[in-house]
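Both complexes shown next keep chain A, but they swap its partner, so chain B is in the first and chain C is in the second.
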Partner chain A sequence: MDNKPPFTYPALYDFPPFFTKQPNSQTWQSQLSNWVKLLLAYCKHNRIWILSPDGTPLTATSNDDDSDNEEFVPSTESIFNNEKIQRSIKPDMSLEILNTMVSQGKAKWKDPKNHKMGIYIYWYSLEAWADMIYDWIENTGQQNSVLTIYEIRKGELGHNQEFHNMDMDMFISVLELMVKKGQAQLIRDEDGSIAGIKVV
Partner chain B sequence: MGMKKLGLNSFNNISQEQKQFQDLGQSFLQSQANQLETQIQVFQNALISFAKQHREEISSNAKFRIEFSNVCRSFNVDSLRVLKGDEESRKGASKNDTFYYGLGVRIFQICQETKDINGGLLSVSELTKVLNADADPVFGKFSREDAMKSVEYLKQLGDEIQIVTIGKKEYLKTIPQSLNTDEVKVIEVCGLMGFVSIGLLRDNFGWKSYRAKSVVDDMVSNGILWIDDQDEHERLFWDPAWINR
Partner chain C sequence: MYYNSKYFKKAELSSSGRPVQLGETDILIQDGVGLYQGNYKLITHQDGRVYLSDKRLVYVHNSHITKPGESPNLALDLLDVDSIEYYAGFLKSSPKITLHMNKLKSHVTNVILQDVSWACPICYFANELPKAQVGKIVSAPGNASNFPKCRTCGVPAPAELILRLIETSVSKPHESHTVTGKGFQCDKCTFLNHPSMTNCEMCGHLLKEHPGVEDQGVNLQIEESTDFDEFTIKISFHKSGSKIFFDKLESAVEMAKWNKLTESDRINRGVINDEPPSVPQLGIHGLQAVTMKKNLESSNLLNDSIQDLENLMSKAKQLIGLSETYQSLLMSSRSQTSKIDDNLKILKESKTTIKILDSIITTNEISQAQKDKSKSNYLWSLRKPSVTDVNRSGYSELYIDELARQIYEFIMNENLLDRSSVVSMYELYSMYNTARGLSLVSPLELYDAVKKFETLRFNVRMFEIPLVSVNLSDLTSLSPAKKTESRNDGKMYVISRSDFSSSSTANRLLEIINTLDGVSVLGLQNHPGLSMNFMILSSMVTQLCMDGKVCVDIRLEGAFFYKNEILEFEWD
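Moving on, here comes the complex of A and B:
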């Protein structure tokens, strides 16, 4: 059961022009950065890993969901559409916002050639995720032992951690970054797939 | 190899003991944090009553004031609010330059920070909302009068901030150019409805369309109005002061 309070939208979200691209470039820059801030906070609150380009969640997990069903969708509401004031942003504007996030390292298209696949929203940078997992392993005294991916992502010990239930592909990216940073070694199965990691 | 087994066996990796240790550690940290919190609160209250007793000295002695502000900062206490005091003790207090200059600087910062959104025209009611966003009930709120007086103080330093009254609303203006009468009219209407449109200006004030269009277009390019193309009839021009109404 997920009983956290609903997301609190900023006052700007109920301001109708927030949904029309502003012609004044300085105003637009401020509008854009407010959209980026909103998307990050919204995805963090709802634990959305992958957002569809139309603003609905593609992959999201509640912290308490221990089933392996990662595709469950908490809502079909789009962040880009405000029912209350009957305003929604046009696809070219949302695309510009998402691409800005990509250029800032705050998001990444799952497949740049096929936007329908969705976009990873990094409400923490990969770097920050890597540090968070590293610190957790260290603080719980699990360094130098081999941990399976399941143990980190789904294990009971980490079930109150923010990375709990992280999207699998995103999780692999974090692990690969940890290896690159020299924080961990990957342990591979006979078939070459990643079986676990060992923090060194 | 000395490694743990992979696969199903590894699910038993988390021993009950390990989990208990973690729980214990967490409850220990929690109680430590609670204790610290109480201690800080006690100290914050002491700072406030100290400020009440020594307000005169704090504002007259620069060296003392700086030291006091430093102590406040390290305990996460807003020295401005402490110096402001509560309503009661302030009635008898003499005019406090330190307070008004300090608040003036903060108001100037808020004007700068919101300029990209409102084009340099900030309503005083919105300003007091921002100033009191994290208001602590102990100190009371910054009032409109506090804000206006601080702006008067800033005027001694230059003309960057001006107070303009449009309709029944007061605004702080940080743009150098003055507003012409048509622009003032537009802002006045916005103060009532949040927006104007060319049709609305034409029908209510008898303006020709090109006059209305040139006024609002100018205001958009100055960042004072935002456009909204999703009304069913015509483009609306919104006053950003409406965001936090």
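Moving on, here comes the complex of A and C:
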């Protein structure tokens, strides 16, 4: 993953008015949807799970049990700032974009009351993630066996999967969705935290 | 019934519907006027306004008829008026002014009298016969006492010789305008216009009427009658103001006659002729006296010309001196010495030249200002509020109409609309009042007058342009709901040609923006063909932006406008 080609920005990214909120509502809607697409593509390409409100990627948070995040060095570059044409989005505009994503179910504030904690960017929807994990387990013949969370997220077998190294909190929400759909059972240890799952 | 009147001439109108002024000043204008020939109405001339100038009386239709050949606007020479009478009106009949015309005119129409010189058949002395005497002979050819005698030998001139001379001098054809082919050639730009045009299609310059028509009088339609009085013309006043008009007309007629006399030097001439000459006019003495007088005249003339020449020479010397200093400067430009000295010299010289130029310009300006002043003076007299038709600004309809015509002429003469396609009312107001200098118009008057442009069918009109006075940088940071609330739907009044529409201008603006890669309003203003008021331009661009036709980029330097690439962008 280290020698991945850099993200290719769309031509619109170099268009100065793209960084100013357009007064015409139709243009603004188009601008907004292009920003949403850009953010999703950018995060997917760079495997960014959490974005700070100012557009820089955030690392896995402290409650992650394995903060030995070896591959990911957070860059300070913000998607909302285009150095090449010297333009950046004003905070209120970026907030509007992120809120739009939340309302569309493409993102979720980690803490709605404290935006600084960051925002999950769902470049696949939770449903899609759940299906993807389910398919993978099915394809690799691991049904009805108990898997630890670590095995799925960091295991050798899932190394090439897109959900590899997924953010912990996000991963748990995916698992919870699977349970709800009846695809999996959670196995908790004595203090209530999730120890593993069993896909049925 | 049609008849041909010798007194009325076709009056040419400027494009604003005012009579073209031929070196005259307007004194008064009166609305609601009808014309009578004798006791009968001129059918087509019953609703118009009359302009009284110091030379003419001009009737102009109120309905602004522009078709050629169809009941022309009429002008009456004040010099043809013999006497005038006032009738105050009774019950249903309106007040009238009766003009008794000069009877002489109908016999010797349009004869331009000239001095005639005749050679004495006895001594071959070249005698001069002054204009006044020619007139006398023409009016009464039978009276032998009118015929001159030779100034040297005293032999009376043979009558048939004099009459023949007068005839040839009078019947000299009038120099005509260039009329080639089917069209009228414009004096200004030489474009050949269709005969029905009143103004040049290319430059808007007023076209002279067909010269052939000028002298023939006009055919007028009169109420059915056989015995109308050719020499009486009546002006009927359907509205008030007849008394004032009568007073002004009376003095104007007198002044016109007086001016005519002074112009043709007849007053002084009369004085000289009346004095009995101390030197006998006959024989050798007479010859001597004539030569002496001639010598004196020519020496006077020479003196004058020598003085002029001297003035010219001194000017020329100054110029030569100036050019020499320039030359020396050019020569010594390589050697730096004495350069400052030269510069100082040149500065000094230039100063005097500039002074001369300055004085020329000021005199020019003064004469211009005087003209404007006289124009506005008579307009001022109309300003009195009338009870019947009060406008928004409280002035009579007639005043506003006339003001509108003047403003229109002002716009045309100053070529305001050539420099920029749109002129705001603010600009027009300040420019017009600056030109007037004195007795300024109020904004309301101007507004009323400009609003009249449409009803007067000028090709210039007032438009309302919605003024988007929202700050774009505010707008872009507001939520859409708030945005609509804060929109200020102000209006701005602008003057432009009738074919102007804000949408077509906006389209052109859009085209220009689309070809450029980011442009500010200032940049647009510098673009050729878009030179218009900054406020209007910025308002239009903002409107385009609000409509989503263009995109805006707010930088530190301000707002820059781009082609809307966001809306049509396709993600690949």
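What we mean here is this: the second predicted complex is superposed on the first by the 186 of 200 C-alpha atoms of A that agree within 3 Å, B and C clash if a C-alpha of one lies under 4 Å from a C-alpha of the other, contacts with A are read in each partner's own complex, and residues count from 1 in each chain.
What we mean here is this: a contact is a pair of C-beta atoms (placed from the backbone, for glycine too) under 8 Å apart; a residue touches a chain by one contact, two chains touch by 3 or more.
These figures come from a predicted structure and were not determined experimentally.
Taking chain A as the common reference, can chain B and chain C both be placed on it without clashing, or not? Answer clash or fit.
Clash: chain B and chain C overlap once superposed on chain A.
Which of the two partners, first being chain B and second being chain C, lies in contact with A:Gly196: first, second, both, or neither?
Only chain B is touched by A:Gly196; chain C is not.
Identify the partner contact of A:Ile187: answer first if only chain B is touched, second if only chain C is, both if each is, neither if none is.
Touch status of A:Ile187: first partner only.
Would you sort A:Leu157 into first (chain B), second (chain C), both or neither based on which partner it touches?
In the superposition, A:Leu157 contacts chain B only.
Looking at the overlay, what does A:Pro57 touch: chain B (first), chain C (second), both, or neither?
So A:Pro57 meets neither chain B nor chain C here.
Can A:Gly141 be said to touch chain B (first), chain C (second), both, or neither?
first
So, A:Gln26: does it touch chain B (first), chain C (second), both, or neither?
Both chain B and chain C are touched by A:Gln26.
As a test of reading the superposition: which chain, chain B or chain C, is in touch with more residues of chain A?
B
Is A:Gly118 touching the first partner chain B, the second partner chain C, both, or neither of them?
neither
For chain C, which of the listed stretches 6-14, 276-284, 384-392 or 528-536 runs into chain B?
For chain C, the listed stretch overlapping chain B after superposition is 528-536.
Give me the intersection of chain A's contacts with chain B and its contacts with chain C, in residue numbers.
Residues 11-12, 15-20, 22-24, 26-27, 30, 87 of chain A touch both chain B and chain C.
Note which residues of chain A are touching chain B in the complex, please.
11-12, 15-20, 22-24, 26-27, 29-30, 86-88, 140-141, 145-148, 150-151, 155-157, 187, 189, 195-196, 198
Spell out the part of chain B that touches chain A in their complex, as residue ranges.
It comes out as residues 3-4, 6-7, 10-11, 13-14, 18-19, 21-22, 116-117, 119, 195, 220-223, 226-231, 236, 238, 240, 242-244.
Could you pull out which chain A residues touch chain C in their complex?
10-12, 15-28, 30-31, 34, 37, 87, 90, 92-93
Chain A touches which residues of chain C in the complex?
By the definition above, chain C touches chain A via 472, 475-477, 480, 483, 518, 545-548, 551-555, 560, 562, 564-567, 569, 571-572.
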